[in-house]
Every structure is written in structure tokens, then in C-alpha cells.
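Take a look at the structures listed below.
After this come two complexes, each holding chain A, first together with chain B and then together with chain C.
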Partner chain A sequence: MNSVNAADSGQAQASVLLAHEGGLHARPAVTLTKLAKTFNARILLASDAAGPWIDAKSVVKVMAMKTRRGAQLHMQAAGADAAQAVTALVKLIEDDFVGGPP
Partner chain B sequence: MKPPTPTVLAAPDTPAPARSRTLRGQAASPGTALGEVVLLDDAIDDARFTPVEQRFASLAEALAAAAQQLEGIRNSLDPCDPARGMVDFQIEFLADPALLESADNPSSDLPAEEEVWRPIIEAHIADFDTAEDEYFRHRASDLRDIRDRVLRVLRRTRAPTIPALGDHAVVFAHDLSPSRFLSAAWKPTQALVLRGGSPHAHIALLARARALPMVVAVGAAPVGPGERALVDGAAGTVELNPEPERVQMLMQAQQQQTLQKALEAEKLYLPATTATGEVVSVMINVASLSELDQVNPACCDGIGLVRTELLFAQGVPSEEEQLHFYRQLLLWAEGRPVVVRTLDAGGDKPVPGLGMPQETNPFLGVRGLRLCLREPEVFRSQLRALLRAAAEGDLRIMLPMLTSAAELTAAREHLEACAQALRKAGTRHRTPPLGVMVEVPALALALESLGPIDFASVGSNDLLQYTMAAARDLPEVAPLADPQHPGFQRLMHILTESARAAAIPLSICGDLAGQPVHIPALLRQGLRSLSVPVATIGLTKLAVAAWPLRAPHG
Partner chain C sequence: MSNVGIVIVSHSPDVARGAADMVRQMVGAAVPLAYTGGNPDGGLGTSVEGILEAIDTAWSEAGVAILVDMGGAETNSEMAIEMLPPERRSRVVICSAPVVEGAVMAATEAWGGSDLDTVRRTAEELGGASK
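Let's look at the complex of A and B:
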């Protein structure tokens, strides 16, 4: 979990390796967006640190990224629960999407 | 329906055009089926030319109505049906406000909703159609399914279905939308052949879940209705009007395969024993009921770890919802023990609706039992459900992330208070054994400090990363989280020795237990109860049987 960088207040970012077989496809994308929606923070995702950044709460946009296995997923969040949001999303991805919302 | 015997083919009154030929496609779902060809019309979008009677007020409204139809389909599916994943995706897709962002004028009547909808969805379809990755290319069919569903809603027409099929129907279609596939109750004696399609399409997954033999991409070769077809879903072939010998051969091969599988299954059902004949208990870890659908309880010695976090994924469940879940587990276990871990949430595993603490390092914060003690109402409703379920089977309660004896006392007081309340109310219940999950190194070093306890189980994932101060899933430090490190081995030695001295039954339910490379060390430490992921039951039993490598003094 050391990959999460939480700045002093309301900002967090992380980078995590996507190991899921088949990449960020339909089921994991739904699991990820559902989890993202449980937080108030604005959460952005990108497969390149330089962007483009997309809304992690939109399954349409997450699927449109077509992230393949082995890609590095970058995320940044802003809001009161930004740190928890990023920590939870990193954990979800590291746990291979087991244990997220069904 | 005629019985699928070769004699029917050989009969003299068989119609003439019984020309034998083989169509080669791609294997999509294994299994063999022999039956009669049924041609399915390609009414993928028969809505397109139906006159419009009544328009929806807005496209958004039509999307909501389509999502509602999908909710209905979703609710009719078995919880473990992989179709749920596809339907969930479609529902989320339709509900996503980002979908209408690109619409010029999503809510007014001009241009007509249909003309707004088509370019939006077609852009997404085209985007997936041209994806580099094959998996994503196949998602285009899920989107076509959405496109047509919304069009039908806008035009108020019905979805195409599949006519009633005989038990041995071999259905030919160009392609099939997942919705249309789901409109039939498929049987393993039937088969599905697609002229197009892909083994990665969602309906291939659905076919596999239903043991329905399926072959895709066989091409456009003419096939007549009523022809006899032998479908080999594993080879990806369809033989039309096969020779009787061929039918017999294939059916025999299938029988042999079934026999082989039975032999493998037989091994799985033997108790795990070491090379010296010692019996080792092999239990399983589960997080949801759907994982149990494919598992016969006879292949394990019970459930050594039930993770209850999934239950809380949509917010705190009611006591009754929880009771139902625990009951189902006990029913499945058929008298075998079921160890339920109380809610193990925290900043890193949040529960919607439960205020989570703001922590910079949630792994060392208010999590596991610590969180339950802070949220006594949530904890008590879980304990009440567990007490009630325990009256119906061998349920045991395990507390996660326990550090001190005071926490155990506090948890036990909650349990006793709940039992007392149930007693007063005259509600059927039983106070089950109470144990702890050993995840905190300090507890592993002084298990006996807890006083009397019914059992303990090593949560090796957290115990290892807390001991080594290294996350296993962080590539840079993962090599440091080595279970063979003398420090971790010594910790395990102290733990197993103190459990033995205090006569506390000790098991292990972390990932280590299901990893053959680490099983010898665990057995050497004296552990005789392993709880492992369902997929590694056989592997674990084999590793146990291979230990010790040679006789201790040999």
C-alpha cells in the first residue's frame, strides 16, 4: 500500500500495475466504478501519467480506456476522502478485483 | 424428438440429401451433442422498421427503461451465472451520465431520440470494433445488444426470442445477442453453432456455464433444417450427417473423458494424508455463496474462513440478510465446520454508509475487530445473526485483527449480551466456539496471554507483511516478505509451540496454506489444519501427500 501518496489534505495519488487477466474489462470495470462511486472524492484514472485523465466513476470512460493486462494504472483523487478512495482502489486492483462490490 | 441413435441414420427411409460433411469453426464451449439442425432467423433488430406509435419523453427515459428491463433479467439469473457480469455491465453503461455527454440535444424532441441514440452508441461500438485487444473487440456485441434494446424501447417493440427447442436441437444462427441467448432455457444435450461470433464473446461464457456445447465461426456453408449434426464443442467441429461409426467413436471418447474426470474427482475426495499417514484437515476459504456452486463439500473438511466483507459491500446488511447467508453456508457444509470471520473492514476496505476513519496508514489503524468495537450496533447485528445461525450447524466465530486480551474480553461481552437478549426474546440460538485470527505479530508471540480461547487461525497474509514490514504486492519490497525468513519461521515456531502448550487448536487460513512450496514448512511446524482457496484443494492435498520427502531417520 506504500504506493499511495497522500499529500497533507484531500489529495492522493497512486500508480498500480494491472495484473488482471484480460485487462480492465467489463466485470472489473464495473467493480471499480462501483467502488469509486462509494467515495465523495473526484477520482481520475489514466493509463499514462501524462494523461488523458478520465472519471473513475464512469464505466463508459473506464471501458473506453481499454487497459490491457500489464499496464500501469495511474490515479489521482481530490476531496475529503481522497486518501481512502485511492487506497481502496489500489487494494481492489492488487487483490485482482476479489472482494470489491459484487 | 427422435432418440440420437446411429440406426436412425442407417434406416433405408432416411431422406436422400444426407451428405456427410464437416464444418470447421472455433471451439467455444466443450461437450458433444448429436441432434437435428434448427435454423434461427437473424431477427437481431426487427425493431428497426416498426412504425412508431408513441415516443418517449426523452432518450434518458428510454435508457432508464432499458436498464429496468435488464434489472429484471439480472434478478432472474442464478447468482453465480456469469451472465450477471455482462448484464451488470450493460446496466452500469446505460446508467452512466457520460453516455449522453456527446449528445447534441439529449432531452428535446428534435432531433428524434433515435437519431440522437444511434450515433452515440454506434461510436462506442465502432470504438470497440477497432480495438487492438481481442477481448475488447468482443465487447462490441454487448453494446449492439444495448443499442437494439434501447431502439426497441423507443419503438415499443418486443425483444426477439428463441422458439421452443427439442432436447436435441442443434441451433444454427449467424450471431446471437446475449439477451436473445438468455431467452432460452438451454440444455447440455443441445448445441449452439454460430456462423460468426467468437470464443471470447459473452455468450460463449454463458454456454460454458450451462455445459452447452458451442462452436463458433463455422462460416456460411449451407445447412438445411432437420439435418443431423454432431457437434464437438472442444474440437470446434460440426459434422453433418455423420457416419454411424463416427458417431459411435465420438460417443465412446466422450465416455472415456467422463471416466477420466471421475478418477480425478475420486482423488479429490480422499482425505489429505501425509506420506507417513497422518491426516491433515483441508478446509476452504470463501467470500460468497457463488464460489460454492461448483464445489462438492465432500472434497474438503469444511470452511476454514468465511470472509463477510462482500455482504457489506453495498452497505450494512440487515440481520436477516446475514442470517440467510450464514444458513446457506451451513446447508452447503452438511455438518462440517464453518468458521465465519466477523467484519474485517477498515480504511483500505471501506463499507458504504459506515463512517471510515481518516487515516494515513489504514493498515495500522481502526480496522477488523477494532472497527467492530467502535461500531457496536453493526457488530452486534452480525453477532446476533451468527448466534441464530449457530443453532442450525457447526458454526464458529473468528475475530480478525485482534491484538490484546482486553479486545477479546470486549468482544466476548458483546457476544454474551447478544445471546442473553436472544434468550430473553425466546429466539432460537446457540453460543458457538469463539476464536481469533492471528495477524498481529505481538499476538503470535504471546497467544497464551489471551487466556482460554476455543481456537486460533493464522492469517498469514497480514501476519507476514506486519512481521516483515513489507507489502507482498509491492514489487520493490515483495522479496522481503519471504515466509522462509528465519524471523518469520521463528515467529511461527513460537506461535505453534504456545498453541500446543495451551491446547489451543491452531489452523492457518492465509495464502501460504495453499502454496505447495510453503506447505512442508507449515507441516514441519506442526500445523495440521489448512484452509485454502477452492481452486487449490487438489494441489494442497498432493503437497500434503508428498510430505515428508523421506522418512525422518531414513
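Let's look at the complex of A and C:
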């Protein structure tokens, strides 16, 4: 399920398949972190829905997840722009990390 | 608020330039960046003058974070900081982190406007996380 679930305002979740060659390695981790930082919402990532959840704006933690290709990447966001943040991050991953912030 | 600048100091000009290339390609041009390496004779080494120039090139009102490879790169960077005008001195820090990985991590943190202390802590937090 790659859909964004924005149940109530200020909260959003999604789960997306990581199809990128090589998984969430250095360059995509940097791109994802930069995009996350453009939103005010608190954004958490996990490769297991049960956690642990890490801060998507921390490049060190995103890289340390070592998420492999084929893994399901779970995200949840809280804040006024949570839905936009999750939508943008899902799109980035679905677009194979092309078109992130400059 | 401007982004913190990043300075890369290596004994090898090739390493310094290569690390800077990685920052440019991975993080982009929104973070002020400069590198320096090698001695004036073209050999391995670092120079206080070169580091001062790099700090000037990468200067940002938000401050500058320096990544060094080892030994003289660090002591020369400390010396360069001491030679800065007093109003700039307190806004330049040396990160205790591996030069290549630290530069990419620090620049990513600097992107989007994190303050100097956060940038330094991110570089120093990485340990083996980038491997």
C-alpha cells in the first residue's frame, strides 16, 4: 500500500516499497533527509511497522537504518503540513529519488 | 538565516577536492563550501594560509564547520581560527569526525538552516553509521 493515510488533520502515515537499486544508501538518504527538512512536521521513518522509529530529518539516523531494496518503508508525520510531507516523501521514493530539492 | 558553511582540510589536495565533489553532488550548491589541501610545493600537507582562505570562501553569518583528516590539519585549523578577527572566531568550529563522511553529513544538516552546533553534533554523531 503506497497510499497516504491522513486520518485526521495534522497526522499522516504511509508505507511505501523501497525499490531503489542498492536500497537507502548514502545519496538517496541525503536526498530524503533534505526533502524532510523542507517541512515543519515531525516525520518518523521505520523499516518495521513495530519500530524503532527514527527522525527522518537526521541524515545520520536515516543512513544508519540501512534499509535494503525491497523493504517496506513506513512513515508517519505530525504537524500542520504532515499530509504534504508524507505525500512528497512517498512521491520521492516512488520516483526513484529523482526530483528532490536542489 | 544563511546556511552554515563547510570547509574541508586534508593533507592531500585530491582528497580535499574529492570530498568537496561529493558534498556538491549529494547536497547541492545551497551550502557554502571550500576545500584546501597540500603544501605550497605540491606535496602533502596543510597550511594556515590555505585554511584561512577556505574559511573566507565558505564564510557564512551562521558560521563555518571545518572537517579535517588528521594531525597537522587539525593544529593548523586551530591556528587559523585563532588568527581570525574576534567577531568571527567564535563562529568557526572543528568537527571531530571522518573528513569525507563528516563533510557530507555536516553539509546535509547545514542544508535547510540548522545552526552551527547542530551541524557539528550531526557530523560527530555519525561514528560508523555511514558504512
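One rule holds in what follows: the second predicted complex is superposed on the first by the 99 of 102 C-alpha atoms of A that agree within 3 Å, B and C clash if a C-alpha of one lies under 4 Å from a C-alpha of the other, contacts with A are read in each partner's own complex, and residues count from 1 in each chain.
Criterion: contacts are C-beta pairs under 8 Å (C-beta built on N, C-alpha and C of every residue); 3 or more make two chains touch, one makes a residue touch a chain.
This structure is a prediction, so every number in the text was calculated from the model and none was measured.
Trainee: With both complexes overlaid on chain A, does A:33 touch chain B (first), chain C (second), both or neither?
Mentor: So A:33 meets both chain B and chain C here.
Trainee: Mind working out whether A:15 is in touch with chain B, chain C, both or neither, as first, second, both or neither?
Mentor: In the superposition, A:15 contacts neither chain B nor chain C.
Trainee: So, does A:58 touch the first partner chain B, the second partner chain C, both, or neither?
Mentor: It touches chain B and chain C both.
Trainee: If you count the residues of chain A that each partner touches, which comes out higher, chain B or chain C?
Mentor: B
Trainee: Thinking of the overlay built on chain A, is A:68 touched by chain B (first), by chain C (second), by both, or by neither?
Mentor: first
Trainee: Can you list the residues of chain A that touch chain B in one structure and chain C in the other?
Mentor: 26-27, 30, 33-34, 38, 58-61, 63-64, 101-102
Trainee: Enumerate the contact residues on chain A facing chain B in the complex.
Mentor: Checking each residue of chain A against chain B gives 1-3, 6, 17, 22-23, 25-27, 29-30, 33-34, 38-39, 55, 58-61, 63-64, 66, 68, 80-81, 83-84, 87-88, 91, 94, 98-102.
Trainee: Residues of chain B touching chain A in their complex?
Mentor: Where chain B meets chain A, its residues are 85-86, 88-89, 92-93, 96-99, 124, 127, 131-133, 135-136, 139, 142, 287-288, 307, 309-310, 313-314, 347-350, 352, 356, 358-363, 471, 473-475, 477.
Trainee: Where on chain C is chain A touching in the complex?
Mentor: 26-30, 104-105, 108-109, 111-112, 122, 125-126, 129-130
Trainee: Given the complex with chain C, which residues does chain A contribute to the contact?
Mentor: Chain A reaches chain C through residues 26-27, 30-31, 33-34, 37-38, 58-61, 63-64, 101-102.
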